[in-house]
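These notes open a run of structures that come right after.
The following pair of complexes shares a single chain, subunit A, combined with subunit B in the former and subunit C in the latter.
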Partner chain A sequence: MEKKTRDEIVQIVNEALIKEFELKSEQMKPEANFFTDLGLDSLDAVDMVIVLEQAFKVKLRTKYEIGKIMTLKDLYDYIENLMSEAAQQNG
Partner chain B sequence: MVEFFKRAYAFPFVAGTWTWLAVSGFFVYFFFCISGFKESRARSFIYFQGRVLQTAVLFVSAFHKKIIKGTPIKNPSILVANHPSTYDTFVFFDFGIKNIVYVAKNWPFQIPFYGKIIKEAGYINTEGKTADEIISQAKERLKKGLHIGIFPEGTRSGTEIGRFRSLAFKMSIETGAEIVPFAIKGLGEMLAPKQIWAKKADIEYKQLEKISPDRFCMEAGDLKMAKAVKEIIVEELNKGL
Partner chain C sequence: MEKRIVISGVGSISPYGAGANLLSENMLALKSGIAFNETLSEIPDMPSHISSKVPDIDFSYIPRQFRRSMSNMSLYAYGAAVEALESAKVSDMDGVALFLGSTISSMQTWMDFAGKYAAKEFNEVKTNVVFKVMNHSPLTNLAQSLGISGLGLGASAACATGLMNIGIGYSALKHGLISKALCGGTDEYHPIMTACFSIMNAASSHFNDSPSRASRPFDAKRDGIVCSEGAGMVFIEPLEDAVKRNAHIYGEIIGFGTNIDTKSISHPSRARISQCMELAISDAKIKAAEIDFINAHATSTVAGDIEEAKAIEMVFGKAPFVNSLKGHIGHTMAASGSLELIATLDMMEKGKFAPTLNLDNVDPACGDIKLFSKPTELKVRTFMKNSFALGGTNCCLIVRRY
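Moving on, here comes the complex of A and B:
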């Protein structure tokens, strides 16, 4: 997995979610809650995993309980941690 | 003024619809309590109730109602449609499709009496379930020879069609059941979400060509299939009435 900066992660996540979920860029605030602010639900979470797996070329669903991610910031943090772990494993 | 009379004309029938749902559900509930809940009997009741609703309400609320049937659906399939209004809940009944259960959110299951009947009929409640759990239940229903009805938008969209979620299409790919799309025209104008007063409008229901999941067995195939099916329905909606 290629190491990415926080800003790159934020940009990729936002672009992927805006495109897939027909969201507006002004909605993409770190504190935005997926359910109350972005209007997504548990079934959208399934689609979100697929979209992010495609965007980052990594398997997400077996590595984290997606239900614990409530806000965009949680998601950025999770992806960033995943990237750091992968970088450490690769040496 | 004309608009006012149109609305005033439709209102008693809208009120009548909900009265009909509640009252018939109430009496049938006790009948089922005495005679025992049987899936097929519960589905027959829902079918009858839906047909009465469609016939009565749309007869008075629609200027013209047109149903365009397609190729007969032989195998248990996943039936999907756009979701402009509450009234489209019973759209598949107008095609004479009786053996169907819907995948729905929690709220219909909370309707007194009626909620219990749809649960006994085998309807699938998505509340608190993962996609895999929902698909597992759908697989059982398909094995019994039932069709699965889903509105991929997940919520009523009015005149603007919303995003299609992948659940129905993931279900299709994993079970091998074909998708049969339906286009619903006019109901969004007649009774949009959060609108209390019905307006008169022309209505058209059209069954479109079935779609095999075979060509979507690929990475993120469910999302690709969702987009492809939405495009087909949007194309049909754009043709107008």
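Moving on, here comes the complex of A and C:
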């Protein structure tokens, strides 16, 4: 997994989710809750993991913590952490 | 006591586009919906290079949470159902039953899914694939998106699917089992559909250079089916309810007959088709002579058209006028029964009927029935709509002008 900056992560996540779920860019606020603000449901949550796995070339569905993510900020943080861990392991 | 059942709403997505009015309008203008299909022409050893497809329609007005689980056949059914409900002026879905089916589920979705599976990329498949390939996918997609929470029953009877669902809905209404229903059939085109008929030498292959001439039921030069797609939906209810709501009544369904031909899984027989017609006539409690028009199933196959024509001759002699609308739009599969019924209802109202397109020389083997080759003004009071299917299912519906 190639290390990315926070801004790059935010951009990739937002682009992927806007495309997949037909969201508007102004909806993509860090505090936005996937279910109450972005209107996603449990099926979308599964598809979101698939879309992010493809965007970041990383396995996410086997990770327990992914189920606790509720907001966009949670997601950015999670992916950023994952990348840092991967970078440390590789380094 | 049996209730009188009427059609008070119609909706269509066809090769002519979205709108039930487009059917008779284009058919009376002798416009063909059939075109060259490049994909077919690129498949080695594929003899048929023609199809009839629904033009691009923007379905983005359907909310994403419903649209995500819809393949084309569900999108088409949604468009047709909404039009049928609007034309019936029905907005309250309470008590509405739904009878809807397709011949098979979405082939393109299956192909994509199977491709990922074979390539060991199964984990890239998104959740909604399963909702697009379920056998009752259009039915459940419509129920979810329109809020239809009553009885949902999806007959799948190959090419007789649309008419079968209308016939079942009519029978359930007549006996008071339900109070109102949306009924019909839907299908989406895939080249495999043409391939299936080509394997049986039943897809047209001699008109690849002149697609609009390819589908020619009852004509001496016919050489097979042209596969097509679309959705036809009707809203049906007891007469008294339609009158109370001041709804437009397109026609009254007075009889339905269905049987299965067990002589062959692929070959229709005049004996069983004529029996099916008699069943519908008996259900309608009328005499054959009261039927003054027949909209045939006739798909432009060599054998099928002969058997249907001979069956008509056996039951009716030369009395009723007969047409097939597949010369115009090809065979819309599960939608054919309902789409062609809707077109015929409109022609009955206009008092003008489209001929069978491309009927240049009637095949003498099709017997002596009253076919015609130009748009013809006719006062029709009662007509029969036929739909027959691979596998042997036959359906005949009788409709009377109200």
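Observations
Heads up, the rule we're going with is that the second predicted complex is superposed on the first by the 89 of 91 C-alpha atoms of A that agree within 3 Å, B and C clash if a C-alpha of one lies under 4 Å from a C-alpha of the other, contacts with A are read in each partner's own complex, and residues count from 1 in each chain.
By our rule, contacts are C-beta pairs under 8 Å (C-beta built on N, C-alpha and C of every residue); 3 or more make two chains touch, one makes a residue touch a chain.
Computed from a predicted structure; not experimentally measured.
By the touch criterion stated above, A:Glu22 is placed in contact with subunit B and with subunit C alike. Residue contacts after overlaying the shared chain place A:Gln54 against subunit B and subunit C alike. Judged by the touch definition given at the top, the superposed model places A:Asn81 against neither subunit B nor subunit C. By the document's definition of touching, both partners, subunit B and subunit C, reach A:Val46. Contacts of A:Thr36 after superposition: neither subunit B nor subunit C is touched.
Residues 21-22, 41, 43, 46-47, 50, 53-54 of subunit A contact both subunit B in one complex and subunit C in the other. Taken in their complex, subunit A has these residues touching subunit B: 20-22, 41-44, 46-47, 50-51, 53-54. Here subunit B touches subunit A in the complex through residues 126, 128, 130-131, 154, 162-163, 165-167, 170, 219-220, 222-223, going by the rule given at the top.
Those residues of subunit C lying in contact with subunit A across their complex are 64-65, 68, 123-128. Only residues 21-22, 39, 41, 43, 46-47, 50, 53-54, 61 of subunit A touch subunit C when the two sit together in their complex.
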